[in-house]
């Protein structure tokens, strides 16, 4: 079902000559399946921040005995699942302002302490959504750059540079078929060279100073994927 | 600062806030938002305010109501735009309000610096991004940093859970968020709480904001708003 | 018993031509009497740090209803009196490492928070001992500068620049009769222009950018004192 | 950091500390001093250490015993000399130990910066004094500041009151002092506590050091030393 292969970015890739999304779309992972893949890769006992949106799904796939401790940047460690019914407390939300619960061994702290924890490199893993990721690990996930768009960064830039490993979770292609893993981000950056791994519906990639490397593919060959993204298999 | 004053009403608590003040407003979304103080500030009438807060108002209440009343000249915040920020969005698109976007951690750390007597600090957040524009960059031990300056408030309006009569504060869960930092960064810190208790009631090991940072405290009846469509 | 007079420092005072201590030594205040004078001058409801040594005596003279809250830099507000007998707890000491007690409404915090509180200008008054204070408010109280002396600064430099008002409590003359309130400190500085008032056994002085001004004298006339210190009454 | 390990003995807790390490040692005088960990470190034998602590040892126990054993190359502290610092005094006068005096607040804030990912900060303490020598000075808003850099530890040895099995810590009274800051500033934080309790026992609002900062915890029998002439 998955194939593993290796590619490095071509320094001369044009950056615009994309072939569009691979055709075998039915074999791509759903976001829920992808969340399970990421959950599998998070080491037991890690301290983890899951970004707003799709990454929050990862929590549902962490084994009960994983010992993973979730951080939410609005001031809590050992956050529990989403709160339902009577458990909803307006004073207890996650960073997406969704009511959540508290697990035994939780701790609360204020915003400066919470971001000191992130910025100081104490979190093991942070998983974020993205508009675009560059082969070198640059991240764009806060602003489309459209003139009529109201910019809003939240904690994205702090998260991007804070954790020991920053993973991105996203679809590999936009709805119109443009790759989101690119030689260079066209959107305004959130952080420079900060992403180490990109999890997508079509495959998993390592990115960084040495360029991009395909780790796994879903419903598409590494060769097809490399071609679609304009990267050179080594 | 001298000993905190326990006042009888939210209106008494916000008395004297001048036009043109910089006001730090606690809360992350609705959690920790000092609704009664903001409502009192709207009644009080101070205008031309600069507001420092994580968001730029949610729904039609709290900060959003202050914005809608036309009292705010400028907002410094990390996350103005979200599903329920229609008041801010409208004012911004009409050019009726200034916006300075500050990464959330820098917002917190810059207020902490103001409260802690730090003149400026080198922070790795936002290096190489559009928000680095105009900021001094410096490489230290092989890593790049931006120079960030303190954000000071003339006033802080925050919500807490309990205060003792001296002004020591404890918070509830993630409603703590920016409150303790803002309390240190303002000349005058004004707090609404669910209850004022006797000194000696709060565990001294668990006090989050020591009394020295608190100037006025008011006990309010009900802190939680339920807002259709707002969060 | 006290006289009030005004003097400003002569910009041209030689700095070395001291006349020695005034003769009427029997009218000087004891350190305990001086502590009472300082306690009288601390506004009700102030947050105050009392330095190690003589300044700790001031606490004994604060009226019970003064509402003054004592800070100790090792992490506490609303410190109570010295602990005796069974009340001694090795986990509860003041900055001089003397066992103390806790008053209702106390709060504990860690060292970074404690010094942030001082450095951020939140304390109303800090009272320190000194080797020397200069007419412009320079303070020397941490190091004799002797080559065989082991330097030890503790929190002195942080306290010196932190409080809204820094008072010094000291004898006005050394045992050998040299003034300790001087045109310029000979000892290594603790802080520049940081002292606003100097309480001594012979009198009380305002110091600062506008020079020295005599507020009160004890057992000596302002004229004598000015002469003894080499300052010019205006 | 991954989940804290609860170890069986102080010797297990300090295993692996390498020669030449920088070790942050908690305590203000005897309050909060991690005596059992230091005694274990003496047995463990690591040498050529740089110690960061408020004092340079009191009496003949704890840090003073480590110094007396000849394991320490350099001490960074605010207050080495006091009535009961005879061990340090002797070594220093014989030229057998290096000393760097750091104002107490800078010691705390520089470790906080290390833990908080701050590259450097401008601090008003020590401007115009001999301790400003060699430091970059900068005027900001009419006030002078010195540029201060983080102090990082390879290890922190601290004492706390209670830990839960996840590593969350609470302290007792002024024994808290440098512990929470050092826990954030070291690669590996080792804690001795009076008791290890179940997760869920500590009030999450009152946790002072969250588990993320703690690597190894050991419960020790008796934490308080009574030392003739030492304080």
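Going by the order they are written in, the chains are A, B, C and D; count residues from 1 in each one.
Keep in mind that, in the parts below, contacts are C-beta pairs under 8 Å (C-beta built on N, C-alpha and C of every residue); 3 or more make two chains touch, one makes a residue touch a chain.
Labels paired with UniProt names: A, B, C, D = 3-oxoadipate CoA-transferase.
Note that this is a predicted model, so its numbers are computed, not measured.
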Mutual neighbours - chains that touch chain C (3-oxoadipate CoA-transferase) and chain D (3-oxoadipate CoA-transferase) alike: B
Contact-richer chain pair (by C-beta pairs counted) among B-C and A-B: A-B
Separation of chain B (3-oxoadipate CoA-transferase) from chain C (3-oxoadipate CoA-transferase), taking each centre as the mean of its C-alpha atoms, in whole Å: 36
Rounded Å distance, chain B (3-oxoadipate CoA-transferase) centre to chain D (3-oxoadipate CoA-transferase) centre (Cα mean): 33
Distance between chain centroids, defined by C-alpha means - chain A (3-oxoadipate CoA-transferase), chain C (3-oxoadipate CoA-transferase) (Å): 57
Chain centre separation (chain A (3-oxoadipate CoA-transferase), chain B (3-oxoadipate CoA-transferase); CA means) in Å: 30
Multi-chain contact residues (two or more partners), chain B (3-oxoadipate CoA-transferase): 109, 112, 116-118, 123-124, 171-173, 204-205, 208
Per-residue multi-chain contacts in chain A (3-oxoadipate CoA-transferase), two or more chains: 76, 102, 108-109, 116, 118-119, 162
Every chain pair meeting the contact rule: A-B, A-D, B-C, B-D, C-D
Chain D (3-oxoadipate CoA-transferase)-facing residues of chain B (3-oxoadipate CoA-transferase), complex: 109, 113, 116-124, 138, 140-141, 143, 145, 149, 170-173, 203-206, 208
Interface residues, chain B (3-oxoadipate CoA-transferase) side, partner chain A (3-oxoadipate CoA-transferase) - complex: 28-32, 54, 78-82, 89, 92-93, 99, 101-109, 111-112, 123-131, 161, 171-181, 208, 224, 231
Chain D (3-oxoadipate CoA-transferase) contact footprint on chain C (3-oxoadipate CoA-transferase) (complex, rising order): 72-76, 89-94, 97-98, 102, 108-112, 114-116, 118-119, 138, 143, 148, 150-158, 161-162, 188-192
In the complex with chain B (3-oxoadipate CoA-transferase), residue positions of chain C (3-oxoadipate CoA-transferase) that touch it: 43-47, 67, 69, 71, 77-78, 102, 104-109, 116-124, 162
For the chain B (3-oxoadipate CoA-transferase) and chain C (3-oxoadipate CoA-transferase) complex, residues of the former touching the latter: 1-3, 112, 114-118, 164-166, 168, 184, 198-200, 202, 204-205, 207, 210-213
